[in-house]
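Presented sequentially are two complexes of chain A, the first with chain B as partner and the second with chain C.
And then the complex of A and B:
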C-alpha cells in the first residue's frame, strides 16, 4: 500500500512538472479539440491552413522578438518597423525592381535594428524606453518618407514578388513556409549552437555571463539584428500579400506579438523561453480568433478571450514556480 | 547658482521646457500669445491627467498599459449613456468604470503575482474588446450641447479643462509629498520586500494606485469627449505610449522608487509645447514623432550619465 501511495504522489509530481513545462502544448491541444467539436468547419484542412496563414506575419515577428526577450530585453519598435519595411519594399518595387527593393529594405531595416541594438546593447539603456522612442521615431520616418500617402504596386499580376504572400511552395502557402522555416531555424540556433547558449546566459544572469567571458553588449546587439531581420521577412509577406501598404500597417503589432511570446511562456525577465512555444502561443491566439468567428461571434470577442487567456497562462506559470496559487503578502 | 544646478540635476526636463519656450517664441510670433498658452494647457490636459495617475503607479514599480482603452470606454459610456440617464449620472458611471477596471488590474497584480506589464497588456487588449462590445463599433455624439459647451468653457481667465488638470496636479503633488500614502508609494517602489517587512499593506496600497490611474484615465476620457462632443471606439489608441513617454521624460524611473508630479508636469508640457510650437512653425506633424523619439532616448542617456556622476560624487 505504502508504495502505491508513493507512486501516486510521484505521478502527481510528474503531472505537475509536465503541466508546468508543457502547459502551452497541452493548452494548444485542448483548444484545438474543443474548437473541433464546436464547429464542423474548424478542422477542415482549408481552415487550418487559413489559421496558419493569418498567424504568419505576427508569428514571424514573434520569432525574432522571442530571441530579444530571451536575451533579457523588450522590443516595442517592431510594429513601426514593420510599417517602415513594408512601405519601403512596396514603394521601391516599382522603382528599382523586386530583388533590389528587398535588398535595400533588409539593409535599411536591419540598420535601424542595429541602432536599437547599439543603444540597448552598448549604451546599456533601458530597452522598454529605447524601443518606445524608436516606435515613435520610426513611425515619423515612415510618414515623412510617404508624405502621409499610402503606397502600392501597380503591376500586381506580372511580378514574381507575389510569390511571398500569395504563392505556394510544394503546395504549402509561402507565408507559412517562411514563418515555420524561420521558427525552426531559430530554435536550432538557440538550442544547438554556442551562440544560442550565450543568448540564454546573457538573459538569465548578465553578470555571470560577463564573468564567463561572453561579450554581453555584442550579444544583445545581435538579438536586435535578428528581430529586425524577422520584421523584414514579415514585411515581405505583408507587402506581397497586400501589394500595397498603409503607412501605419504595423501599428499595435508590437503588443499582439508580445502577447504571443508571453503566452508561449517566455519570461519577460529573460534567460528562458522557446521559439517553438512562441509559435504555439501565436497559434493559440490565431485559433481562438478563427474559432470564435466560425462560431458566429463578432471579431472583437477574441480580445476579451485573449485578456483572460494571457493572464491565466502567466498566472499558472508563476503559481507553479511559487508552489501556491495566490501571493501571501498583504 | 546652486539652486540652478539643483534644478538641472533633479528636474532636467524643466530646463528643456524653458529652452523650447524661448526657441519657439523666436520661431513664431503667435507662440507667446496668452491664448496659445491656454490652448497648450487644454491640449495637454488629456495625456496630463492620465500621466498624474501613471506617475503613482510607476513610482510603485508597476505600469499600466490599459489606460488608452479605458479612455475609450469611459468616453463611450459618458456620451452613450447621457441621452438616457442624463449627463451627470453618465459621467459618474464612466468614472466608476475606470476605477473598477483599475481595481481589477490591481487585484490581479496583487493576488496572482503576475507582472503589471503583462496584466495590463492583457487588459489593454480586453478592455478595447469591452469598448467594441458596448458601442457595437459605433461612434456616439453628444445630443445635449451642454456637454460640448463644458469642454469649451472657461472659469475667469482659464479654460475649465486646464483648471481641472492643474487642480488635480496640485492635489496629486500634495498627496505624493505630504501624506502617508505618498510616502508609502516611494517605499513600495524602492524596495517592496522592505516595505512588506515594515508593515506597509503593500497589496491594498498598489490596488489603490491602480484605481487612481483608472480614475484619471476615465476622467481624461470624459474631458476629451467634451472637447469633441463625441466618442469613437478607437479613441485613446497609443495614449499609453504617450503617457509613459511623458512620465519618463519627467524623471520617473521604470524600476520604481523615484519620480515626482512636478517632473511629470514638465514631461507633459514638453510634449505639448513641442507639438504646438512646431505646428505654429508649420513643421509637418510627422517630424514631431521623430523628435520626440530622439528626445526620449536622449533624456534616458543624459539621465544615466548624470546619475553616474552623482554616484561618483557620493563615493569621493
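And then the complex of A and C:
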C-alpha cells in the first residue's frame, strides 16, 4: 500500500519534471493539434512546408541569437543587419555575380558583427545599449548605401542564386534545409564541444568562468560573429526568395527572433538554453501566424496573440521553477 | 578697358535680376528613403526647382514621424516662406499645424496623400494621384482580364494609410458595380512590402484551390504575389493586376507574367506639386483637387511608357 502511494507520487514528480523540461515541446504539439481542428487546410503537406519555409528566415537568425543569449548578452541589431545583408547581396548580385556577392556580404556582415562583439566583449559595454544603437546605425548605413532605392535582381530565372530561396534539396525546400541544418550544427557545437561548454560557462557564471581560465571577452566576441553569420545565411534565403530587397526588409525582426528564443525557454540571464527548443519556439510562432491567416484574420492579429503566448510561456516557466502559480512580494 | 566693360555689364544686369521675383517654397515630406517612390520624388522635386528661375526651396523630411513634421511646418511658418507643400505623415494629426500656416497667411498645398476632411478649409489645393480612380482602373482591368468571371484575392497596402484605403475602396466598389461575376474571396494587408505580400500569397495559395486573379495595392507587392505563385507552379492561371507601376512590375509585364497596372510617375507627382504651389502663389485659379494623370498600363500598351526608374 505504502509502496503504491510512493509510486504515484513519483509519477507526479516525473510528470512535473517533464512539463518543466519539455513544456515547449508539449505546447508545440498542443498548438499543432488545436489548429489541425480549426482548419482542414492546416495539416496538408503543402501548408506545413509553407509554415516551415516561412519560419526559416526568422529561425535561422534565432539560432545565432540563441548562442548570444546563452553567452549572457542580447542582440537587437539582427533586424537591421538582415536589411543590410539582404540589400548588399541583392545589389551586388548583378554587379559582380552571385558567388562574389555572397562572399562580400558575409565578410561585411560578420565585420559588423565583429564591431558589436568588440564593443560588448572587449570594452564590456552593455549589450542592450550597444545592439540597440547598432539597430539604428546599421539602418542608417543601409539608407546611405541605397539612397533609399529598392534593389532588384533582374534576371531572376537564369541565376543559380535562386536555389537558396526557391530551390529544393532532396525534395525539401532549401530554406528549411539551411535553417534546420544550422540549428543541428549549433546544437552539436553547444553540447558536444569545449567551445559550447565555455559559452554556457561564460553566460551562467562569468566570474567562475574567468577563474577557470576561460577568455570571457573572446567568447562573447565569437557569439556575435556566430549571430552575424546566421544573419548572413538568412539574408541569402531572403534575397533569393524575394529577388529584391527594400531598405527596411528586416525591420521588427529582432523582436520576432527574440520571441522565438524566449518561447524556447532560453534564459535571458544567460547560461542555459537550447537551439533546438528555439526552433520549436519559432515554429510555434509561425504556426500561429499561418493558422490565423488560414482562419481569415489579418496577419497583425498575430502580434497580439504572440504577446499573449510569450507572457504565458514566461509565466509558466517561472511558476514551474517556484512550484506555484502565484507569488507575491512580502 | 576690358575690366571696365565687364563691370558695366554686371551693373546693367543687376536691376533685372532683382526685378525677377524670387519665391521660396518649403516642403516637408513623409519619409524619404523608405521607398524608391519617395526618393525619386524628392530628387525630381529638387531638379525641377533648379530648372525654374526664381524658385528657392527648403526641402525637409519628417522621417515618418508626425511630431517632427508638425515641428517642420512651424519652422517653415517662422521662415515666412511663400507656400508650404506637405506630404502628410498622418492625415489627421497634421491638421492643427496646417491651420497655423493658414492663419499666418501662408498657402498650403498637400501633395500625394490627402489630409483629413476637417483640414480642407485651411489648404489651397491638393496635388497628387487620384487613388480612388486608380482602384477603379484596376477593377476594370481585372474584369477585362477575367472576362467578367472568376474568384480573386486582394493584397492591400499599409492599414491606416489613405492611399491604401482609397485604392481598396475604389477597386471594390467598381468591381461590384461593373463586374458582379468576379468575387473577392479575401483581402489581407501586405504593408507595401514585397516579402510580406509573398508570405500572404503563399497562405492564399494553400487556402484556395482556385485563384483566378490577384489585385495588389502596388506592383512591389504584386511581384511578391507573383513570386509565390510561380514557386507553387500556379502563376499561369492567375491574372496579376497592380498599381503604381514599378520597374519589376514593368519587366514582369514584358515577360507576359503580369497583366496590368496603373502608371504613376513620382516625377510627375513632384512637378505637379511644385506647379500647383507656384500657381497658388501667383494667385491663379487652381482646382481644389489638382490630380495628375495616372493611366492604365497593360501588356498591350506598355510600349508607350518608359520603364519606371524605381
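The definition used in the following text is that the second predicted complex is superposed on the first by the 329 of 330 C-alpha atoms of A that agree within 3 Å, B and C clash if a C-alpha of one lies under 4 Å from a C-alpha of the other, contacts with A are read in each partner's own complex, and residues count from 1 in each chain.
Note that in this section a contact is a pair of C-beta atoms (placed from the backbone, for glycine too) under 8 Å apart; a residue touches a chain by one contact, two chains touch by 3 or more.
This structure is a prediction, so every number in the text was calculated from the model and none was measured.
Student: Could you tell me whether chain B and chain C fit or clash when both sit on chain A in the superposition?
Tutor: Clash.
Student: After superposition on the shared chain, which partner residues are touched by A:213: those of chain B (first), chain C (second), both, or neither?
Tutor: After superposing on A, A:213 lies clear of both chain B and chain C.
Student: Taking the superposition as given, does A:323 touch the first partner, chain B, the second, chain C, both, or neither?
Tutor: A:323: touches no partner chain.
Student: Once the shared chain is lined up, is A:143 touching chain B (first), chain C (second), both, or neither of them?
Tutor: So A:143 meets both chain B and chain C here.
Student: Who does A:129 touch here: chain B (first), chain C (second), both, or neither?
Tutor: first
Student: When both complexes are superposed, which of chain B and chain C contacts more residues belonging to chain A?
Tutor: In the superposed model, B touches more residues of chain A.
Student: Classify the contacts of A:300 with the two partner chains as first (chain B alone), second (chain C alone), both, or neither.
Tutor: A:300: touches chain B and chain C.
Student: Contact-wise, after the overlay, does A:44 reach chain B, chain C, both or neither (first, second, both, neither)?
Tutor: A:44 contacts chain C only, not chain B.
Student: Going by the contact rule set out at the top, does A:171 touch chain B (first), chain C (second), both, or neither?
Tutor: In the superposition, A:171 touches no partner, neither chain B nor chain C.
Student: Classify the contacts of A:158 with the two partner chains as first (chain B alone), second (chain C alone), both, or neither.
Tutor: In the superposition, A:158 contacts neither chain B nor chain C.
Student: After superposition on chain A, which segment of chain B among 61-69, 97-105 or 133-141 overlaps with chain C?
Tutor: 133-141
Student: Could you give the residue numbers on chain A that contact chain B in one complex and chain C in the other?
Tutor: Overlap of chain B and chain C footprints on chain A: residues 143, 148, 298, 300.
Student: Considering the complex alone, what residue numbers of chain A touch chain C?
Tutor: Within the complex, chain A contacts chain C at residues 41, 44, 46-47, 50, 53-54, 143, 147-150, 152, 154, 166, 238, 241-244, 246-249, 290, 293-294, 296, 298-300.
Student: In the complex of these two chains, what residues of chain A are touching chain B?
Tutor: Going by the criterion above, the answer is residues 119, 123-126, 128-130, 132-141, 143-144, 148, 251-252, 255-256, 258-259, 262, 268, 298, 300-304, 306-308, 310-311, 314-315, 318-319, 322, 326-327, 329-330.
Student: Spell out the residues on chain B that touch chain A in their complex, using ranges where they run on.
Tutor: 65, 108, 110-115, 117-119, 121-130, 132-133, 137, 196, 201-204, 237-238, 241, 244-245, 248, 254, 284-297, 300-301, 304
Student: Can you list the chain C residues touching chain A in their complex?
Tutor: 32-36, 38-40, 159, 186, 188-189, 193-196, 198-200, 202-203, 206-207, 220, 223-224, 227, 231, 246-248, 251, 310
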